[in-house]
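The two complexes that follow have subunit A in common; it is paired with subunit B in the first and with subunit C in the second.
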Partner chain A sequence: MFRRIRPILTKEFRQIRRDKRSLGVLLVLPAFLIFLIGYALNFDVKHAPLAVFDQDKKQASRELIQAFINNEYFSYRHTVGQDREIATLLGEGKALIAIVIPPGFSRELLAGRDASVQVLVDGSNANTATAVLGYTSAVLQSFSSKLTMRTMQRVGRELYLPLDFRPKVWYNPELVSAKFLVPGLIGFILMISGVVSTSLSVVKENERGTMEQIMVSPLSTRQVIIGKTIPYLIIGLLGSVLVLLVGFFLFDIVIRGNLFWLYVGIGLFLLAALGQGVLISTIAQTQQVAFILSVFSSLLPTFLLSGFVFPIRSMPIILQILSNVAPAKFFLIVVRSVILKGAGPGAFWDQLVFLAIFALLTLGISILRLRKRIE
Partner chain B sequence: MSPSAIEVKNLTKRFGSFTAVDHISFTVERGDVFGFLGANGAGKSTTIRMLCGLLESSEGTASVGGYDINSESERIKQNIGYMSQKFSLYEDLTVQENIRFFGGVYGLGNDELQKRMSWVIEMAGLKGREKSLTKELAGGWKQRLALGCAVLHKPKIVFLDEPTGGVDPISRRNFWELIGQLSQEGVTVLVTTHFLDEAEYCNNIIFINAGKLIANGSPKTLKSRHITFPIMEVECTKAVEAMEVLQTQPWVQELSIFGTNLHVGVNEELSGRKQIINILSGRNIPVKRIDKIMPSLEDVFLHLLENDARERRN
Partner chain C sequence: MNTILHIIIKEFLQIRRDRRMLALSIMAPIVQLILLGYAATTDIRSVPMLVNDQDRSAASREFICRFTNSGYFVVEQYVSSSKEIDHYIEEGHAWLALVIPPNFGNSILAQRPVSVQLIADGSDANSANISLGYAVQIVSTYARTIMAETLQRMSTGDAGHGPAARPVRVNPEVRVWYNPELKSAHFMVPAVVALVLMIVTMTLTSLGIVKEKEVGTLEQLMVTPIKPYQLIIGKLLPFVIIGAVDITLVLSVARFWFGVPMRGSILLLYGLSGLFILTTLGLGLFVSTISRTQQQAMMTAQFFIFMPFMFFSGFAFPIENMPHWVQAITYIIPLRYFITIIRGIFLKGVGIAELWPQALALLVFGATILTLSVLRFRKRLG
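Then we have the complex of A and B:
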């Protein structure tokens, strides 16, 4: 069996080596994309431009403004003198949030009465708006409790808070979105480069007529498919090492779990991706069709349905079922468990089984299709 | 083992409602150079693909090297060589790498591979170009390299599907010399072509048209069997016009145009010569030259096609 596969392996490696472009796509592009997308895809909101309309201009209002300035989530950009200006600033995107402090704010507070602050947020990007509102409410909350505390002290009593809120976030304590995204990105990128690379392999030989030449030889279709998959698997694994290195050096992604199990996952996932590519290759009539099919069939499901960005749990049930067509869905669970949580195979063995099934199915169908295809 | 290299009985291939090969039967003897002639789309490639085990037959049987094409196609694959008109080589591999690849595919050991490699390079005239990429080779070299790769494992039977397409005349001639050598070594060669001059090199020929076998025999017997009348080659200035004139004459058996020459089949040489000159000069078409010629296979083929078309009409 292996003696007959070897010439195919040698040949495929030689062809890949000579084709500098595909070698680049397989090895360097994944690492480059991690770098690019890792920085671009960032859901953390920091330094939200802030506009303040302070109609009070007393001590309490200045303290409140100071509370907003004293953290990295806001940056104080505009001092506003009129209501109209706020509309302009928010409209032009020069401010994400505006705070209006009414006249008499400090007086009311000193008198021990309720004072109100108006907060206006640009809601055109719901994600950012939610984050900014969250930060704002936290700032106002702590400002309020500080005031209460002061009042109590003045009357000689201690402040009593019944609940002591001490959150401790596991796995990603700083809640940096890169930590969540980069492992997903590994799946996203390996999927695309895997599918695209093999999708051309069979079509190209069909177009050249070399596939026919191989089919009249004693090689079986199984040997041909296996021989064509292994080189891309090896190169894909090398590419994934680069990706992990970039993740480590640029995004501080440390692999907490077992490297062996991570690579079992990556290997099976690559096989699934390569299988999907080979399958496309046995169906498409021309290289162009194969390329388009491979990009769409890998990019869209992986981006939308794998849980890479959008949590599967909050999808309608039909999409949740449909999400099973994306092998990246299973892989992301594995890769996040191993990299972020340091979990062992007990947490994701079922995902590995799904990946293996996906790979076996696509490669198996490819072998059958190739036999049919020649006719 | 059956004594013949290839035996085909009522072989048929249908694609849906279209019959590409229609109950073809023929036998190829060992060591033959067997020509498989027909226009494009006549069913030549389909037949070859069935014989090589690339395609299953819809009906009929055939054996290649004694093995049945439907039940023993794996045995056949080890024992045949196949080369198609595409010269299926890897363009991005070097000459040597291509030879190594196909040698490996057929399971040649190292020593054997080295021997065969130098043979192929010698045969294809590629000495000094072993490390050139295949895409840099001219057509004739590619063609000979492809043949070399197809016979690396010394198959007893070789299928060549339009092996001389897109190659210059000198390369074509060289190529046929190689085929002759193979045949002398006892290799059976089945070759398809639509160059009828090439068919003269074959011991035996079959003609197929629209999936049906229409003639079978050696070039010599085909000519004597089917062309029973003298053929006159007429050179004149207005060949097309002359053809229109002659077409309507009842004594013209056969008429075809080859460049500026006409081939006219007549009932009898002397009277035919007179009749042609008379009628053409009567229409003001001067005849430069008129000779009786040996019929070529082209004449035979055109004659057969015409008969076949006539039969189909009736």
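Then we have the complex of A and C:
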């Protein structure tokens, strides 16, 4: 078996070596992209630009504004004197949130009555807006409690806080979103390099007519497909070492779990990605079609359907089912379990099985398709 | 002019002959947009949670009900030990665990402070942050209710002493602009439109010239009296037409299928989309001129254009959150300007008065990149 594959391996390697640019791209670029994009991945909302319209200008209103200023989630940018200005600031995106304190705010509170403030939020980015609204209500809650305490003290009563809670966050105590996103990015980039490297392989030889030459040799289709996959598997594995190093040195991505199982995952995942590429290249008749197919079957789904950025649980059921066509989905569970949670294979063995099935299916179908084409 | 027309006809003939290609360039954007429009959601609903109720009193049950009735949480499992919590969270079956201590009900009755524990899976920081936010609100509302009850009991006990002591609070009257239901789809779908548009038009053009180079037909075109600029215009125009069809399709899907509100001028959006297409076609052509083989063109497009564009355009990750030096990079990403434009026109209804800097940036990009590729192309010939 191996003796037969060897010549085709040599041929592929020679071709790769001759195309220095492609080799460099596949080997070094993934790590470079992690370095560059890793810094861009950030969902943490901090320093939301705030505009304040204080129509009261008394002690309580000033205290409330101070509470917002002291909060790291807001950054006090604009003092507004008119409703119209708020519309402009929100429209141009210069403020994300505006607070309007009505006249009589302090008077109401002093009299022991509830008061309200108007909170205007730019909701266009729903995610950011939800987070900012959460922070706002936390500021108002603690402001209210402080006032209540003060009233109680004034009338000589002691008040206790009846219910307290202790939040405990596992795996990522500071809730830094990059910790979650960078491992996902690793999967994303490995997927793209895998598909890119094989999706033109067969169709290229078809277009050039060199496939005929391979076909008249005593090689079986299975050997051709395997011979075209293995060199890129090796390149991908080498590239992934660089990727993990960059993750470790620049983004503090410490692998808590077992490195061996991580590499089992990476190996199976690369095979799945390469398999998807080979399959595309046996389906497409021209390289152009192969290119489009590979973009639309790997780039976008891996970005949007794999749980890399958007939680799969929030998607409609149909998409949750459909997300199973993105092998990155399974790999991301593995990579996050190993890297962030330090979990053992018990937590993700089923994902490894799915990856293996995916790789076998894509490569198997490619072999069948190629055989049919020849006959 | 006649020459250009002939090239256009040749290109269209080629496109028509490759049916699969034509179908892909028309169908792919729609299918992609519909699928991805649904997928790109950051809304957090029905957070799977674990409950470890060590108290099992009326008070603890009421407290749990407040979580389930909020609509944000779904009890995945009632557990009886912290070891079980470990297991469920590690395998990702639950995102949050609520631990109620055994003395919960008694303490509340006896007016003693009591603490509950919330354990969150922080690996998905964004989801964890938002679900913790919901949980905090539920806990503090509950605390407030108890406080109000206690105070009422206290003040009815010794009526007439001092001013009425009741907890005052500041209520937020929240008004969400542009996207009142806080649907992330309204924010994401316009951006997916921009992304899909860019990918289709760029993919089409980026292989255009390399292909002729590889097959060897470029030489044939070179020996004809066709001038380089005629060749480029002739090669680009068919894609401009396909691009215009694609714009119409994806905008209709965004508006009518996803119901994204269209608050601004559709004509302005059309015009600026045209400007954007100019940039993407120019980029495609540029990739084409710097690549020797189609494989190289594909790698260049995917790694050097698509990926940076996806991440540095503010498509999913807010630019304001990035470090300053990364923010500086985003200015050379044309998609960044177009996403601001398309979101602004769709959601905020802003016009050219607010969007002229973005429009100008796109124009400059488009013109520069087109000129560059024409020059490069000419040099190759010379």
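Rule of thumb we're sticking to: the second predicted complex is superposed on the first by the 369 of 375 C-alpha atoms of A that agree within 3 Å, B and C clash if a C-alpha of one lies under 4 Å from a C-alpha of the other, contacts with A are read in each partner's own complex, and residues count from 1 in each chain.
Rule of thumb we're sticking to: contacts are C-beta pairs under 8 Å (C-beta built on N, C-alpha and C of every residue); 3 or more make two chains touch, one makes a residue touch a chain.
What you see is a predicted model, and the numbers here were worked out from it, not measured in a lab.
Asker: Overlay done on subunit A, so just call it for subunit B and subunit C: clash or fit.
Answerer: fit
Asker: Quick check on the superposed pair: does A:Ile235 touch subunit B, subunit C, both, or neither? Answer first, second, both or neither.
Answerer: Touch status of A:Ile235: no partner.
Asker: For A:Ile266, decide between first (touching subunit B), second (touching subunit C), both and neither.
Answerer: A:Ile266: touches no partner chain.
Asker: Give one of first, second, both or neither to describe whether A:Val309 is in contact with subunit B, with subunit C, with both, or with none.
Answerer: Touch status of A:Val309: second partner only.
Asker: State whether A:Asp19 touches subunit B only (first), subunit C only (second), both chains, or neither.
Answerer: both
Asker: With both complexes overlaid on chain A, does A:Leu50 touch subunit B (first), subunit C (second), both or neither?
Answerer: Neither subunit B nor subunit C is touched by A:Leu50.
Asker: Applying the touch criterion given at the start, work out whether A:Leu27 contacts subunit B, subunit C, both or neither, answering first, second, both or neither.
Answerer: In the superposed model, A:Leu27 contacts neither subunit B nor subunit C.
Asker: More residues of subunit A are touched by which chain, subunit B or subunit C?
Answerer: Of the two chains, more subunit A residues are contacted by C.
Asker: After the superposition, pull out the minimum Cα separation from subunit B to subunit C in whole angstrom, please.
Answerer: 12
Asker: Per the definitions at the top, what is the overlap between the subunit A residues touching subunit B and those touching subunit C?
Answerer: 19
Asker: Would you tell me which residues of subunit A are touching subunit C in their complex?
Answerer: My answer: residues 19, 21-22, 25-26, 29, 33, 36-37, 39-47, 64, 90-92, 109, 112-131, 133-138, 140-141, 143-144, 147-148, 151-152, 155-157, 159-173, 175-177, 179-180, 189, 192, 196, 199-200, 204, 284-289, 291-296, 299-301, 303-305, 309-311, 313-316, 318-319, 322-323, 333, 336-337, 340-341, 343, 347.
Asker: Using the touch definition up top, name the residues of subunit C that touch subunit A in the complex.
Answerer: The contact residues of subunit C facing subunit A are 18, 20-21, 24-25, 28, 32, 35-36, 38-46, 48, 89-92, 108, 111-130, 132-137, 139-140, 142-143, 146-147, 150-151, 154, 161-180, 182-184, 186-187, 192, 195-196, 199-200, 203-204, 207, 211, 293-299, 301-303, 306-308, 310-312, 316-318, 320-323, 326, 329, 343, 347-348, 350, 354.
Asker: Once bound in the complex, which stretches of subunit A touch subunit B?
Answerer: Residues 3-4, 6-8, 10-11, 14-15, 18-19, 208-210, 212-219, 374-375 of subunit A touch subunit B in their complex.
Asker: Inside the complex, what are the residues of subunit B that reach subunit A?
Answerer: Interface residues on the subunit B side: 52-56, 74, 77-78, 80, 82, 84, 86-93, 97, 100-107.
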